[in-house]
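Paired with subunit B in one complex and with subunit C in the other, subunit A is shared by the two complexes that follow.
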Partner chain A sequence: MLVEIAQFLTILSTGLFFLNFSFSFLFDSKDQHIANLVSKIYTHSSLLLVTSFLIYVWLAVSDNFSVLYIAQHSNSNLPIFYKITSIWSAHEGSMFLWILFLVLWGALFNFVTDNLQDLKVKSMGIISIIIVGFLLFLLLTSNPFETILPIAPANGADINPVLQDPALAIHPPFLYMGYIGFVIAFAHAIAFMIEGNSSVKWEALVRTWSIAAWVFLTIGITLGSWWAYYELGWGGYWFWDPVENVALMPWLAATAFIHSISVSSKSSSLRIWTILLSIIVFSLSLFGAFIVRSGIIDSVHSFANDPERGLYLLAFIGILIIGSMTIFSSRLSMLTSGSAIKTFSKESFISINNIFFGVLVFSTMLGILYPLIYESIYEQKISVGAPFYNAIFVPMTVLASIFLFFSVEARWQRKFVIRSLINSMSISALISGSLVFSAYKIFNITGTWELISIFAGSLIIIRYLFVIWDYLLNNKYSNPFSVIAHMGLGMLMISIALNNELSSERALNININQSDMYQGYEIKLSDLKLVNNPNHDSVQAIFTLTDPLGNNFYLKPEKRKYFARGQITTETDIYVTLLKDIYITIGDQLKDGSWIVNIQFNYFIRWIWFSAIMMSFSGIMLIVSINRAKR
Partner chain B sequence: MKALRKKRLLTVLVILLFSGLGSFLIFKALDSNLDFFFTPTEIIEQTVPDNKRIKIGGMVLEGSVIRDKTNITFQITDYKHSIVVNFNGAVPDLFKEGSGVVALGYLKNGIVYAEQILAKHDENYMPPGIEIEK
Partner chain C sequence: MKFILRMFVIILPIALISFFYLYINDDDYYPGADYRNYNLPQFELNELYSQSPISNKDIQGTYLINVWASWCITCRVEHGFLVKLSNKNIPIMGINYKDDRDDAINWINKFGDPYKLIIHDFKGSLALDMGVTGAPETFLVSNGEVLVHYRGEVNTMIWQDVFTPVINKYELFK
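Showing the complex of A and B:
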């Protein structure tokens, strides 16, 4: 009964959202009554949808296995937390969550902005029609409300064990919030072009929203990376898997976007490009949904293969892109305004940075699509792996950071005088050079690109340290958000280079009460335990490690067998130190009773995530400061 | 007017030159970093260069797994032909005799020396290009 109510509410909200779209485009959006009406309808239709989702959550929590999706992905033995997160462990529920977030972004925007704010009515209309598109997709091709009639199964099939994890439970919500958050910028860009009043500063209206979405996306990607590291047992932080790449592309484009937004809102010279970027970012987000949902790409993440869903999404994205590009090209003359960009002004550097981001997005897209193209032409299956992406990303990032280094003191619409900065710049270069030399001498880092990355990374960090120094000593203004985010980039480059060069792994074969040596550490398998849990049994191996100084610590990796699916998983155990992780997994038991043990020394891996956190932190601080300035 | 046109032409040419050069470099990087995917039959019927990293996919042949400490040797089969794979390290949890596997490595004297063994998350996964006749 409840499930039918939930479905009915969703259908009802679909109709209301469509009504909202019609109102916002049929009537005069400058009219106070229309503006209030559109805002009210949106609030009501979103309340319907949120209620529907909450009912669905309740259905999952109360083990209502007459709902097909819940029966397939949940289980009565699961803790309540995972009963809820099982909703987004597969396709239908994920789409439902995606739509919920889309609606919520719109609702939040609707709530905090004045009804007569420029572009608001049309933007709400555009958001509504996008919601309608996704709701129809949900109801027609991937209905989460489908029931098993007449008799419901006694228990559900369980959530995939590797997904029963706190980081992964919150990873998809963050990622979706990020992806779909760019709808605000997209809707405003379209509304701006439709209304055709070039004096409206649409960039300023969407700046905070876009940064918020970017922060969610950054955190979402970082969570995914962290989860993959400890849960999958491979020990890496990034695998260039297609599904990771489709999250990376909107991130790269969005990073370019939030950079150019500040140019475009200050001097309107990059307006065309910024509008185009907002369309690209949103399209890439939808493209990500398409790639993951359609299953056209063979990936460790891919959900069900379903051509119908893929086709619907492809058509939907196609209409959105073609529609927005048509509006875009018919409004080109309105957008070409403003002055030319001065060389060595801040705008010029941001334009260059956009080129770098463009190349990275293009290459990633190529890496995803090339195997499909290649196979259809040559009938030969290929895959594009890490070497390709490294060959592009490493030199591009280094080049971009060199430009960043020169741009630190650049000012808006003004040339900057390099002579006044020659001291701080040459000192930065000198210190970075000596850092690289010591990395080479002391840590034996010999990889050319690693050394170059360390140089470029420390160049940025030290250059910004000078900026901080100048601020503390001479009270010279600096943009703290830019400082933190870019120092995060520098740290990211250094830690990735060091991680790549220093990390190592080895498979060992150890029997109980025996030990082996690796990298000066003694690794002893001191005990094996059987542990019983509500939904799985596990074998826990207890290792006593002794470091070169004679200190002891314990690591307890596990092998688990989950009852509901009979699936076996590996649980890693990690000893975290400032510079490195000691990472242990157990493999199979051999006939003589000994175990295959994989041990990894992962250097600077925490620093990689910390860099990403620094970037998101700068974004959060920027939002807070913008809101404070408004009051 | 003429000067302006000349300047525009120059700008367009420079943009074309750079994007052309950029695309060339990107495609070159792409071409030299492709992993080709083969089934055991394709490896036997075609000549596969031994200095190129390849992926080979199929099923783990029942009864072919031999372990010696951390070393594991097994055969990947498409139920027509089989190829011996050698790997040092821990294999993934889903690695089982009779289930799907992909090995990434180099072919040398008819043996694949794998750097990485992948077994898919999905228990119903079937490597591409294989139809089982049982």
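Showing the complex of A and C:
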């Protein structure tokens, strides 16, 4: 009964959202009554949808296995937390969550802004029609409310044990919040072009929202990377898995977008790019949903295979993208009103870097498309991996960071001149050069690109240290958010280079009470235990490691067998130090009784995530400070 | 310049979307289907009921291999179709995948047995060698060579569009 009510509420809200779209486009959006009406309808229809979702959560928590989706993805033995997270462990439920977030972004925007704010009515209308498109997709092709009465299974199925993990349970929500958060910027861009009044400062209206979405996306990608590292046992931070790439593309475009916003809000000279980027970012987010949910590519993340869903999503995305691009190209003259960009001004450097970001997005897209094109011509499956992406990303990032380095000194709308040879720029270059030299001499780092990346990374960090120095000593103003975010980027580049150069791994065969040496560490398999847990049994191996200084510590990797699916998983154990992780997994037992043990030394991997967190932190601080300035 | 930009932003998305449209609207487009041929991996496992050892030499000729488990809801949906196939004298070998033996036997007693024999792959080792990512999956095997590998539920439509063309091509089950 409850499930029918939930479904009915969803259908009802679909109708109301459509009504909202019609009102906002049929009537005069400057009229106070219309503006209030559109805002009210939106609030009510979003309340219906949120209620429907909450009922669904209740159905999952109360083990209502007459709902097909819940029966397939939840189990009565699961802890409550995982009963809730099982909702987004597969296609239908995660689509429902996606729509919920879309609705909530719109609702938050509706709640905090004045009803007569520029572009608001039309933007709400555009958000509503996008919601309608997704709701129809949900109800027509992937209905989460489908029931299996009268033969409801007693205990449900079980969610995949690798999905029973806190990082996984929260990383999709963060990613979805990020992807879908760009709807605010997208809707405003379209409304701006439709209304055709170029004096409206649309950049200022969307800036906070876009940075917020970018923060969510950054955190979501970082959490995903961390999850793959310690739970999937992939043992690294990035794998160029198609689904990772699909998240990376909107991130790259969004990074270019939020930089572009700050340029065009100052001089409206880059407005044409800012508008185009807002369309591209949102299109790439939708493209990601299409790629993952149409079953086009094989990946750990891919959802159910159903061509029908792919076709619907493709048609919907096609209408949105081609529609918005048509509006864009018919309004070009309105968008190019700004003054030309001065060479060597701050905006010129940002524009150049936007081109680099564009190249990176394009290459990633090519890496996803190439195997598909190849397959349809030669009927063979191939995959594009790290060598392709590294060959493009490494030099591009290095070049971009050099331009970033110059842009620190540059001024808005003014030509940048080097006043003397002895300045912070040349000193930073000198220090970075000597750092690279010592890395080469002392730490024996020989990879050319690694050394170049370390140089570029330290160039950025040291340059910004000078900025901080200037601020502390001479009280010279600097943008603290830019300082933190870009120092995070510098750290990211150095950490990735060092990780690439220093990390190593080896598979060892060790019998109980025997030991082996690796990288100066003695690794002894001191005990094996059988452990019984509520939903799985496990074999736990206890390793005693002795470091070169003679200190001991223990690592306890496991192999688990889950009861419900009988699935066997490998649990890693990781010893974390400031510079490196010691990462250990156990494999199978060999005939002579010894165990295959995989040991990895992962250098600077925590620093990679820490850098990403620094970037998102600067975004959060920026949002807080913008809101404080408004009051 | 404006003209180039205009063409670029319209034509690029149209090209991309048409490509994907053609890619997934292809009549043969079944994302779960894989037509690469390879030899069935060597295995030594136990039969589910008798628990007697079973290996490649015990399964000869042309047959389907169906990977299933009692915990798999989709397998339950698929099961009726497999029973129909076995009534048409198409031999089906079952691989019981990562499952408890008692649960598996209860399941078969409840829903019927379309299988000639059932390999009990408790650790999923054979399934891993065969590239199984989950249940249900179905393979068409002839003389030790895998001709079709289908991931997901087999039903009348999949049988006609994915399996029948290959069966007709090699004139199998005659």
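Criterion: the second predicted complex is superposed on the first by the 628 of 631 C-alpha atoms of A that agree within 3 Å, B and C clash if a C-alpha of one lies under 4 Å from a C-alpha of the other, contacts with A are read in each partner's own complex, and residues count from 1 in each chain.
By our rule, contacts are C-beta pairs under 8 Å (C-beta built on N, C-alpha and C of every residue); 3 or more make two chains touch, one makes a residue touch a chain.
The structure presented is a predicted model; accordingly, all values stated were derived computationally and were not measured.
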item	value
Subunit C versus subunit B on the shared subunit A, clash or fit after superposition	clash
Partner chain(s) touched by A:Ile568 [first = subunit B, second = subunit C, both, neither]	both
Touched partner set for A:Gly318, first subunit B, second subunit C, both or neither	second
Which of subunit B and subunit C A:Ile596 touches, first, second, both or neither	first
Touching partner for A:Leu508 - first (subunit B), second (subunit C), both, neither	first
Touched partner set for A:Leu54, first subunit B, second subunit C, both or neither	neither
Subunit B versus subunit C as contact partner of A:Gly310, first or second or both or neither	second
Subunit B versus subunit C as contact partner of A:Val576, first or second or both or neither	neither
Touched partner set for A:Phe290, first subunit B, second subunit C, both or neither	second
Part of subunit C, among the options 1-9, 91-99 or 145-153, whose backbone runs into subunit B after overlay	145-153
Subunit C-contacting residues of subunit A that also contact subunit B	381, 565, 567-568
List of subunit A residues in touch with subunit C within their complex	68, 71-72, 153, 157-158, 276, 283, 290, 294-296, 304-305, 307, 310-311, 314, 317-318, 321-322, 325-326, 328-329, 332-333, 336, 369, 372-373, 376, 381, 564-568
Residue numbers on subunit A that touch subunit B, as the complex places them	160, 162, 233, 298, 300-301, 359, 362-363, 366-367, 370, 374, 380-385, 387-388, 391-392, 505, 507-509, 559, 565, 567-570, 585-588, 590-591, 596-598
Subunit A-touching residues of subunit C, taken from the complex the two chains share	2, 5-6, 9-10, 13-14, 17, 19-25, 29-32, 36, 69, 71-74, 97-100, 122-124, 151-152
Touch list for subunit B against partner subunit A, complex	22, 26, 29-30, 32-38, 53, 55, 67, 69-70, 88-94, 104, 118, 120-121, 123, 128-129
